[in-house]
């Protein structure tokens, strides 16, 4: 576990994230232009989707893939209930904010997943390509649970968006569309078709991820400094939930028969909290909930915690459960 | 001398994610058009925001020019959103050329 | 109390490709300066447009502040373009500090 | 009919590098907020500038809405910068909905 | 011909275009930031220019190159007359709009050309590097013909731009400058100079083209949905013209002695309709013409038709004319 | 020396700069979107920083590195005094503007340095990786000297920024932070960590530099055409200073025992004039100074002169001083 932590901290990807945090805390004016950050996220989505699709086009869709999908979707639906209970009691949030935050923790963060894949691959435990599909499938269910908890489905209030409208929003969200679209392209084009474009999507990948995490570090730290809405109780929850969800998800992965890398990836998906799709959905569906709370928790506390600490914990736990031998070759 | 007429110019600061609701309200009020001006940063009672692009906190200015009566219709249609979503609406009189368009 | 003077503030929504004609007209009217504000989207009688960057449909706001008489000169110079190219011109009175500049 | 109140709308064209001084002055004047609108190009007595991004010549519009008295306070606080740095300040009356915020 | 079509539809480049169309039709909010789209087009222009220049620095300028240039320029001048006749009679457009649209169909679309080069190269029929110079030479002549048709050269109306001003605009247009500038750089730097920068201009090329076509798909579909000005007659013309011009151009290429790939490329240039340089020129020179017509025809109908169908047809026709053997090795 | 000049002018990097100059003089509308230019400069900073850091992680910090640092810092402090004298007497500038311009010539231009490294590497005279650290160290001292000359340190005038504030500004400036941050990441990650991300930072480097210099050419030429504030005397100084400073810096490098490439790099650092960090600092600290003067001198005269001519001179001089044999293998 200790080796893993060291490895995490000498990975350029993680180091750039730390640089971003440090620069923002030092009040540097370093900033990635908005259009570039958007482009990098589109690139990462397209690359990860297409690579996942090519991988599945090779392996085919078998029982493992289906059980991973089932496990992921089930976790997406159920984890918010636990999160809600913790937020309402220990966190002292009201019903609406508890539901909104719970939706974030049930859903997933693409960047956390990608970072975990990089780190796991560095440990010779690359997760299966189908985990990309699992990730896409886990984006939405938690939104449903969160809304159910926050206001009961269907009770549309004036000004808030209808559930139908909201689901259209979630499923036509640019990241989902690009991720699934590129996944489909990868499946259709297969390995030979992918060969043509692989230089672009492979050569740049880690470097772009570095600069993207630099930007995330800047944003996370700036939001942390601006924020006043998050109490110590919520801070504690923003660390407690990813640990628990991560262990539950990893165990679930091992339980349904996934290998160590894929189980860890499922654990990371459960541990991660959304800060793109879900905030956008909540802004529309629960405008009364406070973005100061859910964004700060997911982006400024849980995201750095996952990247810097929790991926290491989850990876070690997956190795332990599958009887592995610590850091791979 | 060129002839001008007086119209209302209305500016609404809204969340980018909710821009469509505002422009739908403008269309519904029978106003001929609107224009979007980007904004990059701001501060209000809820604290600062910055174009953070990943999290739906971005805002835009929706501008529209309309005759007094339609402007009133729009203002009333939009008032509930102002409170609910924290939009800001300002309006004032302007002279326009080719006023028959608005 | 700070002293202010009244000037006209003029805003012209023009095609980006034709921006230079508008600013040339401003220079010709003897006005000291102008400022460009980007716009990203709009709707009018010709339907919607969006910054499509590849096809010359983009627009900008040209702002200028001028004394009444120069503003009138400018409005008259620009009126034909308004009709021909579908520009929009609005103007209104503003207070400015350091008014001797304009 | 919807109720509106009259407030001052103030626009300051400032160097991007000096934006913080302007917003600090707004905060100091006790005004609730401000919004930044990007600008991309301009011409004044010092000649043309363009967003040159590498050299600190970029500018922004800082907008703020405030009651008359606070607007005066702000204008006085900012007047020295206007001359020193070549900022431009304009203000005018606007109607706002939910005026109690400003 | 059927094989070619299949190949077209498993190419990632084309699949990303289809994804763009699909996403826009599903009303997804997927969008490439403007600055990124612009940067991608600058990159594509620079890459294609420099590669063409290096190719010509190797081959030298010989009779083939000169006859290809001559054929291209002649086609650019003459094709608008045919288009004008069709638009005026069958299309029922007025004089001004017919001239404006005709100029678009006589000029060329860089992205269609690049996509065709990719597809042809995939069929082992790479067009000669000098075709880049032909493309650049074909950008402007049609504008002249179109204006002649629309208003008679020289009769400058109030508010419209003088012809001189307009030609300055066309020849200093950013795409032309970058294309020709990079072509010149490629010729000066030659293969050894290019070696230094080739990783950048080659590794990224296909991937960037994928994302650029994704964006073009989004724009084409959104414009199609917004539009009301284009009748069924104009829609038919927007498909008929590229077919006819494509066949004429291909035959012309074979006629002046070009190989199959280069003839097909000339056919694609004739078939393609401009949606960058010419619309900008028309906005200045013929402001009375309706952009809703010429943009929708060239961008939303002809462009997708060319990418998805017509490149395949033209390629098969070129093979047929040169007595080739279908899909290459 | 003549060979070197030829080599300079067939390098694509320099040719793209010339293309930018030419396009702007022809009044083309070619322009790189602002966000892209910013992103390219961030990329270049990150790449150069990380590569420098990896190089130093291999070589370690020895006496050569320390003497190069010492020589650079000393030059940064002292060169402005000479520049000030020339500007005040021959240039006929007032005290404030002389100080402001002097600060620019004492500080450095990252892009000039990077271009020089490319050219020197092409001559098989790659400067040591530690020169990146020297460059970072030379950014600030000249600002101090310039202010001293312009207004005497400490005498803060109303509205001008306090010296403390200004130094915070300079040291948290995005380029410095990214350069030093990436340098530190390179040192921590070392060669093995860098291997992961090196495709991104190496494959794209020269190509990005090409496009960045294209943009710099456009900006430099446009500013030259807009400008009226710069007299022939100032123009002469903007060429004289880089020549003198370049020779002094090179001699200094050879004097403290650096190899030919590193000495030339130090010469280029002394010869180059800042147009990013220092103008920003001057806008805050000396708002009375005229940006029309210092930007036009550093960006539109000295920068092109250095890229097109002076790097060649300096390189030849370094070879001469170290008894080298002209252009390397």
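Residue numbering begins at 1 within each chain, and the chains themselves are lettered A, B, C, D, E and F in the order written.
The rule is simple: a contact is a pair of C-beta atoms (placed from the backbone, for glycine too) under 8 Å apart; a residue touches a chain by one contact, two chains touch by 3 or more.
This one's a predicted model, so the numbers in the text were calculated from it and none came from an experiment.
Between chain A and chain C, the least number of touching-chain steps is 2.
Between chain B and chain E, the least number of touch steps comes to 2.
The chain with its C-alpha centre at the largest distance from the centre of chain D is E. Chain centres here are C-alpha means, and the one lying farthest from chain C is A. Centres computed as Cα averages put chain C at a distance of 39 Å from chain F. Chain B and chain F have Cα centroids separated by 46 Å. Chain centres here are Cα averages; for chain B and chain D they lie 19 Å apart. The set of chain E residues touching two or more other chains comprises 33-36, 38, 203-204. Shared contact sites, meaning residues of chain D that touch two or more other chains, fall at 37-38, 92.
Chain pairs that touch one another, listed by label: A-B, A-E, A-F, B-C, B-D, C-D, C-E, D-F, E-F. Chain E meets chain A in the complex at residues 10-13, 15-16, 19, 22-23, 26-36, 122, 202-208, 210-211. Interface of chain E with chain C (complex): residues 34, 37-38, 41, 158-159, 219, 222-223, 226-228, 275-276, 279-280, 283-284, 287-288, 291-292, 295, 299.
Looking at the complex, you find that chain A touches chain E at residues 33-36, 38-39, 42-43, 46, 50, 168, 172-174, 177-178, 181-182, 184-185, 188-190, 193-194, 196-197, 199-201, 203-204. Residues 1-2, 4, 7, 9, 23, 27, 32-38, 60, 65, 92-98, 101 of chain C are the ones that touch chain D when the two sit in their complex. Put simply, chain C touches chain E in their complex at residues 15, 17-18, 46-48, 50-57, 80-81, 84-85.
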